[in-house]
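Before anything else, here is the set of structures, which you'll find just below.
Both complexes shown next keep chain A, but they swap its partner, so chain B is in the first and chain C is in the second.
The block that comes next holds the complex of A and B.
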């Protein structure tokens, strides 16, 4: 490849990285934490989920029949059961749904939602309203907050998803241009010199994280771009072409939820048999059960499961009256062909929710790698300009950019750890959790950014912010014990639980943050020699002249 | 070796690489449903899945081609061609 072409690739790589670094760090870091959002952090956040949940199927069926008697008949043909602590819901929730029409002919779904305690099965809350409205107004916990922030930055549709989708595209471009730029990729995978100089620390970290996480970064970028942009741009565009703009009709065509043909013969809703059959099939943990057809003899139950031994979760379709398994399929297998397979793999590959805790930890650490890849890239960009020959702004300007990058990145880590304290101290005591989560997270983050800007020594600011995040994470189990929340404090009298594991991981992460904080210098150390500086850069770009950068800018 | 030799017309190139490429990639993705030799579901869904690849190829072409007019012409032909296919497909042509 021509030398100039490689230089162009390098410039594209460095400028994409510089322009998106902060946002990339924020999305990647919250994404890494979100890998454990559902169910681990959700279970930790809700005390009622700390003890193992084993609802006898007969009890669940009896509870459903009891509450059904109080629900108007029109709502009984489409019932969803959300199993507690598996994905979204901390409760055993029954959703009775009915499609209605507005005066203008448009349709909406009215829902009666009954949340039941997962241990006692007593009613906790009853809500009724339009589906979207119920979703928007449900009590959020820190797991919901972090997952939503990772997906759309808490910005309204379609802006948030577009931004994260476009960020996926830029990460994809960064990966490809990075591979082409760093052609001695195998040698770089084994070159790590953290204690020689700060600039070597950044460049070696960037290369090692980039090379070892190459496949992961590519997969996350590709699937992230798809997940962000598909819903807000690509599917509506496809629906415009093939379905006269009717997105709902397109979804119904490719992903039909087949309601059964009713026989008119009454049958009791004996769902315990279906749950027994689904459990004995051993396909994966049950997330949701959808009952279609009410108390008709031909009523069916769609049992949605997490991935069992494979990568993809399944849907099992049973006839309720005799618990006969009618069909097993995946979410997109009925699309057919390569598209169905690709769609089915897109979601688990992004979320890492297959293969148990091993894959979750792998995705978590690789996700942190993506975050630090963005941060180290930005710091290389700044270092080369603040202390090298190619900077076109003043040294003060680059130091301010450095403060912004480090303050934003360390600040989001601190804000995330503070949310755990908020979950323990405030959220169980307030009726509306959303404003508290938003105010605390963005408040702490903003204060960290402003505070970092006011510090004379930028590395000292980063050290203190990371140290504060480390202390905050280490203190979570103590606050948990003081508030009687459970978790590690229960280690003496209970089996190892998810809540304990979550707090143990928080302590480990807190200690890691404290270690990094202690190892970082409080000031940028001076470079030893000029030879050191040039030997750190990729050979293809070492001789890059300053005017080239200006042309892109 | 000046910047102009590596990246001519930086402003126009940047605009083409961001807005131009995004618009073209979306139109191409939507318009492919009109001619891909696949069943209807795959006609619609496969281009959507491959959207990141379509975008990346166009993005790098716009940034790397020394003669900017070539990728600009390419974007124009792709956009107009697929727009016409879309209009024909929805019966407005």
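The block that comes next holds the complex of A and C.
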């Protein structure tokens, strides 16, 4: 490839990275944490989920019948059962749903939601309202907050999803331009020289993270772009091409929830048999059960499961009256062919939730790699301009950018760890958790950014913020013990649980952050001289940037 | 068996790096590395096995390179 072409790709790579670095770090970091969001962090956050949950199917059926008796008949034809601590719900939740019409003819879904304690099955809360409204006013925990922040930055539809989707595209573009630019890719995969100079440390770290994580970054970028843009752009575009713009008709065609043809013959809703059959099929863990057809003999149960042996979760369709398995399919298998398989693999490949904790840890560390890839890229960009000949601004301006980048990145780490304390100290005691989560997270993050801007030594600011995040993470088990939340303090009187594991991981991460904080220099090593506004001396040869490949030697 | 399946790629990768003094991997090492996917494929199935093997290799490679770099004497 022509040298000029490579240089152009390098410039694109460099500027895309510089412009999106902070957002990329934030999305990648919260994404890495979100890998454990459901169910591990959710289980840790809710004390009632700390002990293993084993609801006998007969008890679940009896509980459903009890609550059904109190629900108006119109709501019994479509019932959802959310299993506790598997995905979204910390409770055993029953959602009785009915489609109604507004005065203008538009339809809406009215829902009666009954949340039951996962251990005692006693009613915790009863809520009724329009589906979207119930979802918006749901009590959120830190797992919900982090996952939603990763998905759409808590911005309204469709802005948030578009931003994260476009960020996936820019990551993909960075991967492609990075591969084109770095032609000695194999050698760079084996080169890491941390002690020569700061710029070489940043450059080698960036290349090693980029090359070894190449496949992961590509997959995350592609699936992230798809998940972000699918609902906002891709689906409406596909509907426009194939269904004359009728999105609902397209969704009904490819993702039908087939209600059964009712026989008119009454039958008791005996779902214990269905749950027994689904459990003995030994596929994945049951997430949700949807009962369609009420107490009719032809009523069906759709059992949604996590990925079992494979990487894709399945839906099993049973006839409730005799627990006969009618059909097994995946979410997009009705699309057919390779497209269906590709669509089905998007979620598991993005979230790493198909192979248990081991794969989740792989995804977590590789996700952190994506975050540090963005950060190291930004630092190379700043270093080359603040201490090299290509900067157009004053060194003060580049130092301010450096403060902004490091303050934002270290600040988001600190804000995330503070949310664990919020979950323990405040959220169980307030009725509306959303404002607390938003206020604390964005408040701590903003304070960290402003504080970093006010510091004279930018590296010292990053050190202190990371140190504070490390202390904060290490203190979570102590606060958990003081508040009687469980977790590590339960060691010795119960089996190993997810809550204990979560706190152990927090301690390890906290210690790692403290170690990094102690190892970081408090100011930039002094062997290079900044070109500031008062000194226009040319840079030394050692400080000259490499011409094409982005390697600062 | 599962522990062997998961650890094999990591161990082989580490050996490969030290054998080649972190300069260039040798042919035998690469063959062994690819062969280390077999236990994972046998354990998890073809698709999941290959995905996990690739992810494991990415992370193990990254850690080994960083560790070797940090262990080198400072100049």
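Everything that follows uses one rule, which is that the second predicted complex is superposed on the first by the 524 of 553 C-alpha atoms of A that agree within 3 Å, B and C clash if a C-alpha of one lies under 4 Å from a C-alpha of the other, contacts with A are read in each partner's own complex, and residues count from 1 in each chain.
Just so it is clear, contacts are C-beta pairs under 8 Å (C-beta built on N, C-alpha and C of every residue); 3 or more make two chains touch, one makes a residue touch a chain.
What you are looking at is a predicted structure, and each value in this text was computed from that prediction instead of being measured.
Asker: Which of the two partners, first being chain B and second being chain C, lies in contact with A:173: first, second, both, or neither?
Answerer: Touch status of A:173: first partner only.
Asker: Classify the contacts of A:226 with the two partner chains as first (chain B alone), second (chain C alone), both, or neither.
Answerer: A:226 sits against chain B, while chain C stays out of touch.
Asker: According to the stated criteria, A:242 is in contact with first (chain B), second (chain C), both, or neither; which is it?
Answerer: Only chain B is touched by A:242; chain C is not.
Asker: Looking at the overlay, does A:366 come into contact with chain B only (first), chain C only (second), both, or neither?
Answerer: Only chain C; A:366 stays clear of chain B.
Asker: In this superposed model, does chain C or chain B come into contact with more residues of chain A?
Answerer: The partner that reaches more residues of chain A in the superposed model: B.
Asker: Once the shared chain is lined up, is A:234 touching chain B (first), chain C (second), both, or neither of them?
Answerer: In the superposed model, A:234 contacts chain B only, not chain C.
Asker: State whether A:346 touches chain B only (first), chain C only (second), both chains, or neither.
Answerer: first
Asker: Could you say whether A:12 touches chain B, chain C, both of them, or neither, answering first, second, both or neither?
Answerer: The first partner, chain B, only.
Asker: Give the list of chain B residues in touch with chain A in this complex.
Answerer: Residues 1-7, 10, 14, 22, 26-27, 29-31, 33-34, 38-49, 51-52, 55-56, 59-60, 63-64, 86, 89-90.
Asker: Mind listing the chain A positions that touch chain C in their complex?
Answerer: Within the complex, chain A contacts chain C at residues 186-187, 189-196, 204, 208-209, 212-216, 309-311, 349, 354-355, 358-359, 362-363, 365-366, 369.
Asker: Could you pull out which chain C residues touch chain A in their complex?
Answerer: Touch residues, chain C against chain A: 6, 17, 22-25, 44-45, 47-48, 51-52, 54-56, 58-59, 61-62, 65-66, 68-70, 72, 74-75.
Asker: Contact residues on chain A for chain B in the complex?
Answerer: 4-5, 7-9, 11-12, 166, 168-169, 172-173, 176-177, 221-222, 225-226, 229-230, 233-235, 237-238, 240-242, 244, 250, 254, 335-340, 342-343, 346, 545, 547-553
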